[in-house]
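Just so it is clear, A, B, C and D label the chains in written order, and each chain counts residues from 1 on its own.
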Amino acid sequence: MISTDPFIWISAFFTICSFTLLYGDNPLFRIGEYTFAGTVVAHGFVTGIQTLYGNYIPLFQGQDPMAAISLILAVMSLFIVWKKYAWIASFPIAVMIGVGTGVSVRALVSTDIIGNITATISEAGLILVGNPADGLGYAVRVIFTIVCTSYLLFTVLHRGPGSRTMSYLRTIGKYFFLVYLGLSVGNGVMQLSGLATSAINRLLVSWLGLG
Amino acid sequence: MKMSSTITYVRNYLARFLLIVGLLAALASWYFVSPQVDAVANTMNLWNMNIYNFTLFVGLITIVIRYSDGIRKRVKNWPYMAYGLVLIVGWIIMGEYLGLYSDFYQSAYLSTKITLHIAILGQLVFFLVSASYRVVRIRTLRTAVFGLSMMAMVVLNAPWLLGVFPAADKISYWLLNNPSMAGGRALLLTGGIGGVILGIRLLLGLERGALKSTER
Amino acid sequence: MLSVMFSMVSEIIQPGKSAQLLFLLLIGILGYTAYYLGTKGRTWEIRSLEGLEAMFEGVGRSAEMGRPILVLPGISDMGSPQTLAGITILGELTQQGAEIGVTTYSSNADSGVLTASEAVVRSAYAAVGKPELYSPGKYVRWFGNDQFAYAVGAAGQILADNPAVVVYLGYFLFDVIVDGETGNSIGAVQVGGTLGSMDFMSVFCDYILIGEELFAASAAISKDKNTIATIAGQDWVKLIVLGILIVGTLVSLAGSDAIVRLLEM
Amino acid sequence: MRIPELKRQYIWGIVLIVYLTAVLVPIGAPFPMSDITVEIYNVIGSLKPGQIVVVGGAWDFAFDLESSAAMIPALRQLADRHARIVFAPFAVESVQYQKYVMQASGIAEEQGGTYKYGVDWVQFGYIPGLPAAMVGFLNDVHSAVPADVYGTPDDKIPLMNDFHSWKDIALWICPHWSFDVVVRYATAEHGIPAIYFAQAAAYSGYSPFMMAYPDKVWMTNGFLGGAQYEQLMNTTGLGHAAINAYYILSAVLVVIVILGNVDMISKREKKEEKK
């Protein structure tokens, strides 16, 4: 049975609006696009005000006067939209870049670099134990990791002795990367297919009462 | 003239100083046992969070400027901009008046933003299929390797193959866990090194483009 | 003596992070050494980066066709090095474009990145002596802090502005699928570089920067030899990592977990 | 013979037909059953009447929708066991998501089921500030969330008289992406068993948790997991629809890719003829 809930109808309308992107640029897609942006921006504002209110209660109650510095810095970011005084925003931007990079650099060293090195090395120890399929798998992991990493050398052995070996290694590395990319796109198809099912299922079941 | 260039110099260095202190404090508090360093890092972190919250308003201002400019100049799509502007203002009023958890607000959000989100996720597979028609063509060895690995995975996951060849499940699992995982790992490993070096370029003042944002 | 030093170190350094710190210092020293040698006149030849060449050509192509360039720095925040690399390249392309009259647009999914992008575009226009062309909200667009509001917004922008080149540099996930196919439908040349969703990017982009090539490109695009020198530092670190991997594999095959324990120190 | 090049829009038309068919006509595509899904079924099946199960976590509704395939039949199983359900959303959109799965399961009185609000199940409002909020919630529920989503204070809700801290939680079910927080705080610190109806994209990242806590943490994988759970509960739903759709789509994709290659070859031949 077709739904009588007005919100379900709005929902169905916007689902259809969104799907018209498949047709190309058209008014319905534009309505969907501007609704998407509009609701996200407004919703962000409504929740953002609540968060800020919570963060600055201690300042206005006089418990944490130091918080005023952060408030001033934060307000400085707004100057970016004022052409003449836009330089004022450079200080908060510097804080964002500095703190942000600091936090991610330490995570990169611990998980992405050291974490992956230890994982590779410990798996190398499993190549000769256990059943052959698993052992082969671990061997493939170690070899792929090493060869793919050598593909990403930019300046080493570009010319002169060893450059030929290096170029072979680089070529193999490129094909290993292509295998990785192909496999993961292929696996992604199944997942994306599921997401399409949810969207269409939602439309047909909740709106038209089919399925 | 000389005065203003001195001021610019001081400004730039003050910004660079903030950047370096933020970066080093975040690193030092992670590696060293020191309450003082922790305090500096926590303070900087708090500043960063509050700045981030405020940049939301920067976004709101730029979107309002862009839309109202567009409407005034009657650019292409200006009627939608007008609609967007009305929607944003109306929505904020609704949110402040009814509250985030009122049934009306929740239903309105569900039938607009969340619905559009679900619908666009639902279209991804359409885009991927039409791109596959165009891209997965065996032109060279490169495209052959890519295309065959991709289609192998698609078929190994397919229920019609699993029905007659149950071991397909194990093969796809093996491929994902070994060659595919290792490729991803090499990307992360080297990308991590590149990221750290980028951090060092920031400290040395060499990442010119991004640092422009902290200069006059 | 050694044990005294060891206990002192263990008091100052957080447990389990000594190897990490050493590694960070090593990368720092190698990066700085490369830079220092660069300032002393040492130069390195970098193998060509297909994606970077394509970007340079893209600026020219946009000028010929009279169409703009669109640069997308991804969906992450200012903390991600990938975003910073994207913003660096946004700045350089804007500047190169501004010199020959090509407009560069950008769309951001994060308000912090939006703020920084505005600043970068502004100084790019100032650097070529055309500050009057810049105005806030004109070149950098934001559609809310949301992955798909941004993706749909950028797709709308691609359809409206008809860019000749679309550049994806930064952290992307599924959102690249929406913009990638839309960009292809208007016949734009697409260049991409990311670590997050390399797989989907490779389907939609004509040229890709595989993984770390993104960071190398952000250094090489400046054409500044001291900056490029740090790429050599990057390579030395990778050689050391390769060395550890190979030695570690052999040691591990021999049945010892010494290297793993050393790294977890 | 010359095959005309397929336009994007034609391909999309074909794909759309695939999905409409898959949702409307259940073709009953086969799929393998996983041991881990059966194990999860048994874990929920061994709950005693009246035990408290928390359904909670944080993420976007659109991504979590995938997990609803397994979450909806699991809620019905919880109702069969007469377990009491507490919904704890740690993201704004999770509130809507939890209301949605509850409604879709049809176990509440409002939908003709037997579960009475306040007695058999409770819905909280958004609890901000992960991960600290998680720690607060586990230590003292009443002070972390003083009222439910409708603003009723906890002491006026009968179920909440028996629910004070982590000690009262028998099981945590997470249909949201942020499973790492659940494992780190609920399982690692307090030993609460946790079930994750994982999104396919999150599965590989979080599967090491299963190895770390073999008898405490269980995960299903994406829509396949949903379909398996539906089969265990003898129903069909989103999981089956997704498997059916992929059954057809994977075949269609193979055909489309072959057509693409035929197109390329035919163009190449044409060029050679011209030469």
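Just so it is clear, a contact is a pair of C-beta atoms (placed from the backbone, for glycine too) under 8 Å apart; a residue touches a chain by one contact, two chains touch by 3 or more.
Computed from a predicted structure; not experimentally measured.
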Worksheet item: Chain by chain, through touching neighbours only, how many steps does the shortest route from chain A to chain C take?
Response: 1
Worksheet item: Of the chains present, which has its C-alpha mean closest to the combined C-alpha mean?
Response: A
Worksheet entry | Remotest chain, chain A as reference, centres from CA atoms | D
Discussion item. So using the touch definition from the top, which pair is joined by more C-beta contacts, B-D or B-C?
Written reply: B-C
Fill in: Where chain C and chain D are represented by their mean Cα positions, the distance between them in whole Å
34
Worksheet entry | Geometric centre distance via CA averages, chain D-chain B, whole Å | 24
Worksheet item: Any idea how many Å lie between the Cα centroids of chain B and chain C?
Response: 13
Practice prompt. Averaged over CA atoms, how far is the centre of chain A from the centre of chain D? Could you give it in whole Å?
Written response: 21
Response to the item:
Going by residue number, chain D touches two or more other chains at 8, 12, 15-16, 62, 65, 92, 246, 249-250, 253
Discussion item. I need the residues of chain C touching at least two other chains; which ones are they?
Written reply: 17, 20, 24, 27, 77, 81, 84, 112, 115-116, 118-119, 136-137, 143-146, 148-149, 152, 160, 174, 177-178, 185, 198, 200, 202-203, 210-212, 216, 231, 234, 238, 241
Response to the item:
chain B residues touching 2+ other chains are 27, 30-31, 51-52, 55-56, 58-59, 61-63, 65, 77, 100, 109-110, 113, 116-118, 120-121, 123-126, 128, 130, 132, 134, 146-147, 151, 154, 157, 176, 181, 186-191, 193, 195-196, 198-199, 202, 210, 213-216
Item to complete: Show which residues of chain B lie in contact with chain C when the two form their complex.
Response: 27, 30-34, 51-52, 55-56, 58-59, 61-63, 65-66, 69, 76-77, 113, 116-117, 120-121, 123-124, 127-128, 130-132, 134-135, 146, 186-191, 193-202, 204, 206-210, 212-216
Worksheet item: Along chain C, where are the residues that touch chain B in the complex?
Response: 11-14, 17, 20-21, 24, 27-28, 31-32, 35, 77, 81-82, 84-85, 87-92, 111-112, 114-120, 123-124, 127, 136-138, 140-146, 148-149, 151-152, 160, 174, 177-178, 180-181, 184, 195, 198, 200, 202-204, 210-212, 214-216, 218-219, 221-222, 224, 226-227, 230-231, 233-234, 237-238, 241
Worksheet item: Can you list the residues on chain B that touch chain A in the complex?
Response: 11-12, 14-16, 18-27, 30-31, 43-63, 65, 77, 80-81, 83-84, 87-89, 91-92, 95-96, 100, 107-113, 115-126, 128, 141-142, 145-154, 157, 172, 174-193, 195-196, 198-199, 202, 210, 213-216
Discussion item. Touching residues of chain A toward chain B in the complex: what are they?
Written reply: 7-8, 10-11, 14-15, 17-19, 21-22, 30-52, 55, 66-67, 69-71, 73-75, 77-78, 80-81, 87, 90-106, 108-109, 111-113, 116-117, 119-120, 133, 136-138, 140-145, 148-149, 151-152, 174-190, 192-193, 195-200, 202
Worksheet, complete the sentence: Residue set of chain A touching chain D in the complex reads 22-23, 47, 51, 189-191, 193-198, 200-202, 204-205, 210-211
